[in-house]
Every structure is written in structure tokens, then in C-alpha cells.
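Both complexes shown next keep subunit A, but they swap its partner, so subunit B is in the first and subunit C is in the second.
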Partner chain A sequence: MDYLQKLEIKVINMIAFILDTLIWIALYSILSLSLSIEYGFTGIMNFGKALFFMIGAYVSAIVTLNGLNYFIGLLFAILFSALIGLISSIPMIKVREDYFAIVTLALSECIRIILKNEYWIAGGPIGLKNIPSAFPLKNLSYEFFLILNLLLIIGILLFFYLILRMIIKSPYGRILKAIREDETLTQILGKNTFEYKIQIFTIGSAMAGAAGSFLSQYIGYVSTDLFLSTTTFTIWIMCIIGGPSNINGAIIGALFMRGIERGTRILKDYVNMPIDPNNFMFIITGILMIFFIMYKPEGIIKEKRMEIE
Partner chain B sequence: MKDILILENVYKSFNGLKVVRNVSIKVKEKSITGLIGPNGSGKTTLFNLISGIYKIDNGKIFFNGERIDNLEPYEISNRGIIKSFQIPRIFKRLTILENMLIAAKNIEGEKILNSLNRNNWRGIEEENIKKALIILEFLELKELKNSLPINISGGQLKLLEIGRALMCNPRMLLLDELIAGINPILAEKIFKKIIDLRNRFDITFFIIEHRIEFLFDFAEYIFVMDKGEIIAEGTPKEIMNNEKVMEAYLGEK
Partner chain C sequence: MDLASINFLQIFFNGLITGSIYFLAALGLSLTYSLLNFPNISHAEFLAFGAYAAYMSLKLIENNFFLSIIIAFISTGFLGIFSYLIVFKPLSKKGSKPMHLTIASLGYGLFLRYSMYQFFGREALTYKLWFEAFNIGPIRVTSLWILIILTSLILVFLLHLFLKKTLIGKAMRALSNNQILAMVCGIDKEKILLLVWFIGAGLAGIGGVFRAGDTRITPILGWDLMIPIFSIIILGGIKNLYAIIASAYIIGLIENFSIILLTIFNLSTEYKVIIAFIILIIILILKPYGLFTKAGNKSD
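Entry: the complex of A and B
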């Protein structure tokens, strides 16, 4: 039974619905967090987030389909996305911010289209199916399966959250903010800004890879249609609304946006809506986005400042 | 005293427009040297060439005996040349103190792996904060340490730029229009602080300034640029009596 069938059977089960929602929130929190360190702290306009999400998902899927344990797959996914992030960022990083956005978006779409059309790499348009779960226990109740997954994804989230918290509080984090404010000036003050940007891009890619890896084992299949550029934009919206320059903001953003998406989906059961709940979600998202960019560009949670006596 | 900065036949053009032409200058160590010239004569470009923001087309630049014209800006900065900007460039969303600390050399905490353990960098960080506070006190900015740069005046921004440069332990400061738009009383105070700094820390100052009267009072040697070339050099007295300079500034007689 794959993920969608299970969810359809259990759709009336409110506990399962809430657990599943929490899992998606945590999953997107990792992605939003990775964009927060790249864009909110360092000013790197990464519009190729879906690419590294996808790489993680595919690598992990291939590893586990070959019979290895999921956690080895997770490790491979993190390392491989980090490696691709590192290699791809070296030629791109000297490009100005706005062009960097275009280049990353193009790269992401190119690789997605190659994967979709080349059957021999990873199943082409069909993708990979029957990916083993991280918890291959028999007679596992659905709720218990969800709880285990929730613990796993929160574990991954917490791991990255704590690392980023240490980074942004250190002098290293201060230089990231300086690069965001004025890269040339940071160079004149003696910092090799390219090195910092490459490191942060690599970390962000590794985080997206970890998220992708979780996704592949949780829903049991991967295909290129899961990683359209809209995925990247969703992550951007979460990051901007939550507060890009605050790591708690990134998580709040994910919570907020997933809440709206899931909320509108169940709202239709209770309220007679004149429009399709899916469209309703897009309308709310669009209005919120405009509102935040115009009136509250710092997001829900503001940037923290260093203060001393 | 030896020459700390030497430019030999430096050329730079943008899209065929020759902005800096055959400039050769020598700046003495621990001196206060001025660079004057009409608008568009290439002074700022020359500073950008020295600090590596632009690459020179032709010629050589030596700092302290080492050739620096092919280095990246951060490498030049790490050799001790720090530049301030005509319009103060400040990290706008960082506090005054953070602005100062960015310039500090905290090698340990600025490496990614060391940043993960506070014990690796806390000691150096505390020393740097102490040093930053001493400099801020000297510049009369200490009370503002936790505020954002948008809340302080233009003159204070200029002071902050000097303070930030001092955090780098510079050997030479390139100051671009240091006192533009600053009232004469504060301007004189700033120049007195510069002389004080030179005497205390042996820093060489190279200053672009349009308000020539200040340079004539405080500088020891002056270069005059016009249309990308050095047209005169000498002590303030020599420059004051130089006809070429007067022509460049006031037009031909």
C-alpha cells in the first residue's frame, strides 16, 4: 500500500491527519531553515532549493532500494547533496545576487528535466517506487508509523537547528550578516567572502538533501513531479513570511503556511465554501505574500541583535 | 623614512575612457599624505585600484616592498591597507559594535568548525569587544554601541568608518573625502584625532579631500591629480604656490 492509498483510507482519522500535518511542517521547516541561513543570513538568492531536495530524495531512494539501511541512505543523501552544492556553487558564487537566482533556478530545472527524460538514471517520468520505509516493522499500526516518522524528522530538524544556532551566534555568523549587507565592504575588511558563501551554500544543500531523503522513505516513491520549481517558491514564501533573518522565523513560516494549506483542506468539511479549497489556499497565500513584502518585510519574527552592557 | 606605498606607471581605463594615466607616486611611511584634484580627476578610482576593488590595466603597485596589484581585496586588506568610502559604507542592519567587530581579526571564531564551540572563540571575542569599546570611546561613540547606524549622524558615520578601520590593525588608511559635509569644528577634531592616531600607532594616512584648507593645515605632503594624471606634488606650501594646480582648480588665466 503506498502513501496516498493509506491516507485515503485513513482520511477520516483525525489523529493521523494531525500527525501527518506535523510531519510535513517539520519537513518543510528543514527546507525553510536551510533557505534562511542562505538568504536571510548570507544574502544568497538560492532559487534551486528543489534541486537539492530532489537529489537527496533520489540518492536515498536508490541506496535503500539496493537493500541498505535507511540511515545509510540518509547519510549518502546528505553527503551527495552537499557535494553537488559545493561543486555547483564554485562557478556560480561570484555572480551577482539576482543573476545567481536565475542561474540556480535554471540549473534546478535542467537537472529535473534530464532526470524526467532519461529512463536509465532513475526511472524517468515514472520515478522510483516501493522505497522501503525507515521503519520496516510488520504489523505496525498507521498511527504508530506516523509517530516514528515524526520523531525521525524532528530529530533531523533539531540536529540542523542546533548547528545553525551555534553558527549564527558566533563571529562566523556575524560575517555572514556582513556579507548580506555589503559583500565588497566585507572583502575590504579582510574576509574571503567567497569561501563563506560556498560553505553556507553547501550546508544549505546538505539540509535540503536530508529533507529529501526523509520524504522518499515516508511516502515510498519519488518522481520528478514532486520537485517542480513551485516547491522552491513555497519554501521562499515560508521563509519570507516567517522572518528570513531568524531561524525560529523559518520554522514559524513553515508552520504557518502548512497550517493554511491543511486548514483550508479540512475547512471544506465544516464550512460551505463557494470556491475550491485549493484555490482558496492560493488566494490566501498570495494576499499574505503581498502584505508581508509591503508592510512587514522582516517577517513574523524579527532578526535578533547583539546587545552588550 | 622609507616609502610604504609605491605606484609605478599605473593605468586604468573604463570602456576606452582613460581614468588613470601613468600615475607614479610614493607615499612615505607614517606620513599624512593628501590627494587633491577637481571632480572626475580619478582620485577615487586610484584608491579603488590600490585596495584591489578594480584591477589595474598596466603598471605596478607595491606595498611594503611586496607587489599587491594582482591580489584580491581581502588579501590586500589583510596586508594592512584599509579603505574608507566617499559615502560611508556601513553594515546597515548590524549595530555599531557589530560593525566594529566585523573588522576585527578573530581568526578562530570565523572558521566554520570553530564556530560550533563557544570555547574556541569566546576569549578572543571578549578581547575584541574590549578593544572596540576603547576605540569607540576615543571616537566618542561609546554610548551608541547598541544602536543601529541609521540612528547616528553623518559625521559619526565617518568616525565609525575610521574606528572600524582601526579594528583591522591597519598599517595604512586610505580615507576618501573624510570630512565632506561635516561642520568645520568636527572636521578639525577629526584631523586632530588622525594626527593623534598616527603618533600613537604609526599608521600611514593617505587622504582624498576637497576642502584643501584642512589638508594644507594637517598634511605633510600632497599629490595633485587632474584628468587622470599627477600634475604636481610637494609640501602644502609648494602646492599652494604652484600655478598648474591653480589652473586645474580655477581654470586657465
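Entry: the complex of A and C
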């Protein structure tokens, strides 16, 4: 069944609608978490999140379309995004933070343009269609399909959440915070900050790749239009609103922003809005972003104070 | 493809047009970047705003292209001042880090772009003007292209006079060179900043009108130019205005000549954006502080 057809059903079926919403929240939580570890804890300005999200989705789609199991696709997506993250960060990591933001943003757009123009890689602007689902059971009811997907994405989310929690509570995590606060000072203390930043960038890219892999099997198609720079910005706003330096905050942010997105979609069905819901969502997003940076840069959930044993 | 059949003069001329538009678009960004120390990502939306302002003026006031350019300059200039007063001034007053200002500019850009989507719709508009096409020697030109190049040359000359001869211009250069020293000398930073936002955004507005006249008007008109603009800024080293003008024309020419290479290798011409990006990466790796910056002059 096409994703858009399912969407029609969703409006009628409340349970399916709620399940679908939860899946999207969990999906964006992974992306927001990955930005939280990069920006919130280490201070890396990654404006190319959509790139690694896209790489994960495409790699997983290509692997599963070649007849392999979805979970092999997931593994490939994680490894490949991590690899691209590693390769791309090595030359870029030493530049100033504002330059880094510009370069990642430009890199993400460039790779997207290449994928859009090269038909032989992955179908050009049309993208890839009919990507097999992770659960190819026949006679599966739609609700059951959603529940299985929800379990899968929550499993992925929990896996990364626990890894990040471990990182943050370890001495390694304290070095990351030191890099965020004062990179030169950390270097004087004898830490190779570039190495730490490259490692974190790689982990963040791997997480975005996993999220992309899930997306491709869930909606059943990928195209370059799904990974515009606005996707990166949506992830940024989630991270900022929830609280960039707190891993629970990243999830709260995803919940909040998806709530607004779904809210405007429901509102459209009941109220005759004078404004296009998609435009409305982005206008609100932009205003919220400025508002939070101005009055509450630490987000809804503040950074935990470090416990001293 | 036969190399002899390529009209190099034509490509050179096209490069000058692209460079002129880039110069108009990049100059304001470099001014605000050097004074407030953050890349204003919403600058791209100023171009689109200028294009729409000219469209409205053509439609509502008078069907006069010159008038519409001036209206685009003034209205986008005021949008720049408005943006500074509403968003960026309160933030820098609070002592926000450049990182935070960048994120705020991103949010502000989203707000502007989707407001334009809301008011003007998703479909691309055109000015419905007829620009006469004729030949000068081997080069095919239109009156719009002549206008773009002439306007840019005049503006470069005026800017040069303004920065070198007038007191405000000198104050502006002093401020971008060393803020604290300039303020100690009694330069009113706030007044200068307002002027800088007005001129910077206004020039971007004109750039937007020219770009839209050459192509079509869409809310992502400015966003499409973002990669070359940032390449120019980094190539020119942010602070040096003359270097920015030079690198705008360099990138414009390289982009147009790269089309020959792309067609030889049978690649899409959309890749000219990537050429600008590759230049950006090479510069950042080889000369992290810009091509025209002297080695000792690294301090902010």
C-alpha cells in the first residue's frame, strides 16, 4: 500500500493515527539526540544533519531492494553513514565553528544535488520506490504493522539513548563538555580535541543513518525532496527547544515539534484556516526558534549538574 | 564538443553578470558578518524579498523597472534594519554567542521564507517585462544584462567613494577592523550598524531583482545562491570589501567557465554549484582565513 493511501486511512482510524504519530516522534527523537550529542555536549555546529539522514535512507533502500533482509540494510546504513561522517569530518573539523556550519550546510546540499542528477545511483529525482518493509508478513493488519514498526523504532531509540547516557556519564563525556566550554583549555590539558570531535561526529552521523534507514522501510520510498535543508532546521529546532545539553530534552523537543506539526494537520480538518498549514508550521517554527534562543537558550530541560562522587 | 565552437567572450560576459549578482548578494552579508561576527543565514531571504518588492511595485505603483529597483533597495533596506532591531540587536545585547546568533538567523530565515510562500504562493512569478536582445560583436546581450553590469559598476564606484572619502564610510571601515579601538575613538556603533544593515540588505534586494529578472521569482531564489555566496565570503576573507568584490567576480567567472567542462564530461549544469563548493573546501583547507588575508592578520 502506498504511504499516501495509508494517510487517508489514518484520518479515519484514530488508533493508527496515534501509532503513526508515536513512530514519527521516536524517529525524530533519534535525530534530535544525535544533534544533542554533537551540538549540546561537544559544541559541533552540524548544519548537515539531513545529509546523513539521507545517506542512511538511500543505503538501506538499495540494500533491501537487492533482496537482503532489512536488518542487514540497517547495519549497512549505520556503518556507511558513520564512514561518510568520519571521512567528511577529518578535513573539516579544524576550521572555525561558523565556517564548519557553512561547510556542512553546503556539503549536504551538494550531495543532494548529485543524488538528484545521477540516475544511475538511485533513480535521480524520482528516487527509489517499493522498498520492502522490515516486516514482510502477508495479511498483516495496518494497526499490527504500525505496532511492529513502533517497537522497532523504539528499540533503535533505546539502544542509542543508552549508549549516549553511558558516554555522558563517563570521563569521556566530561571531556566533551570541556571541549564545548573551552577548546583551547582542553588542548592545554593534553587532550586531542579534534579526535574527540571526529569521534562524536561519526557517532552522530551513524545515528542519523539509522533513523534514515527506518524511514525508508516505513514509508516505502525515498527521494531527494525528503532531505532538504529544512529537515536539518527542523531537527535543530527540536534540539534547541527541548534543551540541547540534556538527552531527555532532545526527546521532549521532538515530541513538542511533532505535536505542533500534527496539531496543525488536525486543525486544518476542523477549522477553516486562512493560512496554509505547512507554511504556518514553518512560520511558527522560525518564531519559536528565535524566542527560545532569546529567552531560554538552555531549552525546556536544563543541563544536569555534574555529580561529584 | 568542439572547443573552437565555444564562444569564450560570451561565457566571459555571462560570468560578469553572475559575478555582479553575487557581488550585490554577498556584500551585505560580509558587512554584517564582520561587524557582528556571525553568518546571517537569513540574508538569502533578503534577495527573495527584494525580488517580490519589485514585483509588487511593478504591479501596484507603476510599470517602471528603474523605479521598482529603487523601491526594492529601500524596502529591503528597511527589512534589514527591522531584522537587526527585532532579532539580532536584542540577542547581541544579551551577550549571546555567535553560535546562538547563527541559529536565530536560521529561524528568522525560515520565518521570512515561509511568510513569502504564504503571501505569494508556491508558483514562480515573472516580471512580465520584455528585455531587448541584440548583438555586440560576437556577444549576444539583453538590455537587462547591460543594466546589471552597469548598475554593479556604478555601485562599486559609489561604495568605493563612500568608504574612502566620507566620514561615515571611514568609521564603518574602522569599526569592522577593530571594534573596541573604533568605539574608544568615539564612533557610534549603533548608528553605523543601522546603516550597514540598510545598505547590506538593500544591495541584496537589488541583487534579488536582477536574479529574478534573469530567471523567475520564487521564495527560494536567495537560498539557491547560498553556496556561492558563502564561498565568496570565505574566499574574500569576510572583512575586506574589495576582496569580496573581486572574489564575487572570480566565482562568477569560474562557475560559467565550468559549464564547458561539465558539458565535455556530460554532466548536469546544476553541478556548477558544486564547483563553488569545492573551491570553498580547498580554500578552507589551504588558507583557513581567506585568500586575500595576510598571514599575520588573523585576530578577530
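Please note the rule applied: the second predicted complex is superposed on the first by the 298 of 309 C-alpha atoms of A that agree within 3 Å, B and C clash if a C-alpha of one lies under 4 Å from a C-alpha of the other, contacts with A are read in each partner's own complex, and residues count from 1 in each chain.
In this text, a residue touches a chain if its C-beta (ideal position, glycine included) is under 8 Å from a C-beta of that chain, and two chains touch if they have at least 3 such contacts.
Model, not experiment: these values are computed from the prediction.
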Partner chain(s) touched by A:L288 [first = subunit B, second = subunit C, both, neither]: second
Comparing the two partners subunit B and subunit C, which touches a greater set of residues in subunit A: C
Partner chain in contact with A:I163 - subunit B first, subunit C second, else both or neither: first
Contacts of A:Q187 with subunit B and subunit C, given as first, second, both or neither: first
Partner chain(s) touched by A:I275 [first = subunit B, second = subunit C, both, neither]: second
Which of subunit B and subunit C A:P91 touches, first, second, both or neither: second
Touching partner for A:Q199 - first (subunit B), second (subunit C), both, neither: first
First (subunit B), second (subunit C), both or neither touched by A:L148: neither
Touching partner for A:I260 - first (subunit B), second (subunit C), both, neither: neither
Interfacial residue positions of subunit B with respect to subunit A in the complex: 51, 53, 72-74, 77-78, 82-83, 85, 89, 91-95, 97-98, 101-106, 109-112, 114-118, 121, 125, 129, 145-146, 148, 164, 168
Residue ranges of subunit A in contact with subunit C within the complex: 43, 45, 47, 91-92, 94-99, 101-103, 105-107, 109-110, 113-114, 116-117, 229-230, 233, 236-237, 240, 275-276, 278-280, 282-283, 285-290, 293-294, 297
Subunit C - residues contacting subunit A, complex: 37-39, 87, 90-91, 94, 96, 98-100, 102-104, 106-115, 117-118, 223, 226-227, 230-231, 234, 267-268, 270-271, 273-274, 277, 280-281, 284-285, 288
Interface residues, subunit A side, partner subunit B - complex: 163, 166-167, 169-175, 177-178, 180-182, 184-193, 199, 245, 303, 305-308
